[in-house]
């Protein structure tokens, strides 16, 4: 029983170090972790540059396997120390942790898959928790909330845009034809997206007068309708943030509300707040 | 007379299946319809890819004719079952339904016209009704309403942009000349639109110093004035959505709604709220 | 004296036809004028297309001279009929009217200057007065007013952008060098403007790693700061338009203000407005 | 002692001329300074154009050294006349002043570094003080304040964008491969930034169907999320500028300002307004 107890204690200790950042050990662990992630991503990136790979290839492979084994060990420890392992494994961070080590093993079969290791960048999201950047998380939540409450409007907008690029893309395919680079409808739709989002690579561009006319129309539409998502998000943000800066305190005398945060007296009856 | 009655009943039944989505049969019909539309659009797209056409061309043509005949039959049935056929034929959906079958027949004369079948994508708008996505339609209406009430401001804006691209395009034609790709005024106007909307293909771009200077000016103007439609739409949306949270209280006398929160009397009849 | 009187009357009549659009004759004159402008611009545009010029060049020149002489006659008549000719000559419309005829005469010396005739497009602004599109002019004024009241903020913004493109352009000139297309600082500044406004022709693009890194920075800055003018204009429009839809009428009983336009009773005391 | 006094007076006099713009001499000094800056920047720019350098190179070098020596003298005088030289040397303007003369001396070793002299453009910021453009400075402060109070939200946004371009860039590297121009992950990330910010040079563009599909997704995301910073800044500006039109009435008791229009009592001391 003492043994089981000491195992339990050891697991709690481990959990504290790996999952929390309140103790010095936990904080140190998280900082080392983030540095390791950054270094391993750097190694993956450098490995993709032909000149560097040629010269330092063997070192980079060693680094890659070192970090992968380290992260594998960490993943096993997380699994061992957490109360409900299955819940961790299916959580967002659990999946990211797993996806951050698989590609290296996978690269034994498909070599280029190892570049997918950059998914490790998602692990850095933990930095917000580690460095107690709670305020940033709060701001992020405000943004996500504003986007979520305008979700339906954005869906309608996206549906409209997709319908337009399908129709305009096909029209351009018929007008310009395969000799001008519009070799198929999917490719023409790709062109329509490139144009409507005002990216404009120029790898495909209309050559006939009619095509250029239609392209001009698409551009002006794309230039104009960017106002719609912007308007949606802005109106949503203005609405939800306006509620914030007024105190929820009611006057004890006349019960009036809507006082500023710095008010010390009711602005309607003058009694002390 | 019984015969006529049974015909009438049969027509009502047909109308319910084809036009409504409340009964299981009507819902099934709409779901099959949407799947057919998606499949037929996919077939048209695949047919436009040279490699696929070469190998599966005959199958795709069969699929195309199968769906076209199916949609033709559906169009005839809609015509037969609807109370006022002419009104249906001239409605938005009626026109789209017709345009969705014509190109195939037309393609017997002009082969490439069949690619216009992608207009069928507009038929999918019915999905909103089928899946009872009323909320989405409501959001779409809010967007359309905001755009409509800022219609005049947008017209003024578009007129200004068009005037600018005509003048800037002509100036560039005079400055750059035909040797630098600005081969005519219409083409230069096309370039001005490409530049002002910040698309920037690069198929035509200024080569002289003076031309690059003027182009820089156009770009900065285009970059700046995108603020105008965005501002218009945002201000309109903020305004119209702010009206929403007015009091839901109805006047006990005249039942009028839309009172402000601080109103103590009905603003229409003056009775106490 | 009768002669002078009849001349005076004749001048008033002429003024009414040319400058006003209230009488049938005045309206007809303006409509003919706008059609002439559109036709003459079309002729200038067509003349710039090499193929068309080769075939119909002589006709187009005739058309051009016909309209130029017509507009010259109109300009003289405007001069003769207006009360204060000098004020007209220096007004916006007066200058545009003059600039609309000069290029043809000028083209006898510099042939390509005739394409500047498209300045005639500015004369079409009169269409708003002719067709009594007063509402549109009002909307245009609202836009101009919003832009004007945010003029200082926009100046500060433009100054910041210009400072940034000068510095970033020079940095890129030093980093990329003349071999990669950045042949001089002015040209590099042109590139920086193309990049920062997200136009991105691709006629010049960084080739070195360091250059691509700096370019990425410029792009992200350019992508982000577009929020600034948009925010300025939107905030300005929201502010000025919010004042509009409230009646200036005060309650005759309790003097409360801020009633809606459709209110017939004071919302505070209930007395009739 | 008189000597020291006269030196002190001479220093004060110098300070007044160089640092202030209230006296005629001070104003003249500043105007001459700004003209010198503009001329020296022009000389640097012209020197970078190969054709001009070939012909007027020696003159431009003379001009450059003339202005550099002039600015060096000015820098020494500023140092001599200012009360706390170290504070000046480490201030923003002090650093800019120093950076504006170093490159010329540096160019004796690294010739191309002289083009960094354009940093002098930052010195022109003084124009705002000279020309008493206080109002503009106030507007600039409003803008900076709005940006600062939305700083955290923008950081979250930038972090999200950077995470996305790293992941999307790596995915494209794996999908497209080195044969299509995506020669390394850093270069692919550069492409992802070019695409997401809707710049779209077209120097690298996807060639495979899968790559074009993913690129389309990135473009639509980039086109959509520009709404986020715009929304943030706009909402922030609307909020902070809306506070402005509060009542200008000061409390008769405690002189506090910033009361709402409907306030009948001071919100700080409770006395009647």
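By letter and in written order, the chains are A, B, C and D; residue numbering begins at 1 in each of them.
Please note the rule applied: a contact is a pair of C-beta atoms (placed from the backbone, for glycine too) under 8 Å apart; a residue touches a chain by one contact, two chains touch by 3 or more.
Keep in mind that what you see is a predicted model, and the values were worked out from it rather than measured.
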item: Repeated interface matching A-B, over half of the contact pairs identical, chosen among A-D, A-C or B-D; value: A-D
item: Cα superposition angle of subunit A on its copy subunit C, in degrees to the nearest 5; value: 180
item: Residue-number overlap at the subunit C/subunit D interface, same or different (half cut); value: different
item: Whole-Å separation of chain centres (CA-atom averages), subunit A against subunit C; value: 42
item: Distance from the mean Cα position of subunit D to that of subunit C, given in whole angstrom; value: 30
item: Whole-Å gap separating subunit B and subunit C, where each centre is the average of the chain's CA atoms; value: 29
item: Intercentroid distance (Cα basis), subunit D paired with subunit B, Å; value: 43
item: Sites on subunit C at which at least two other chains make contact; value: 186, 198-202, 226, 230, 232, 234, 238
item: Touch-based graph of the chains, sorted into line, ring, star, complete or other; value: complete
item: Parts of subunit C lying in touch with subunit A, wherever the complex brings them together; value: 198-202, 230, 234
item: Subunit A-facing residues of subunit B, complex; value: 41, 44-45, 48-50, 112-113, 115-116, 118-119, 121-122, 124-125, 135-136, 139-140, 142-143, 146-147, 154, 158, 161, 186-187, 189-190, 193-194, 196-203, 226, 229-230, 232-234, 236-238, 241-242
item: Residues on subunit A engaged by subunit B in the complex (per definition of touch); value: 152-153, 155-157, 163, 166-167, 169-171, 173-174, 177-178, 183-186, 195, 198-202, 205, 209, 212-213, 215-216, 219-220, 222-224, 226-228, 230-232, 234-235, 238-239
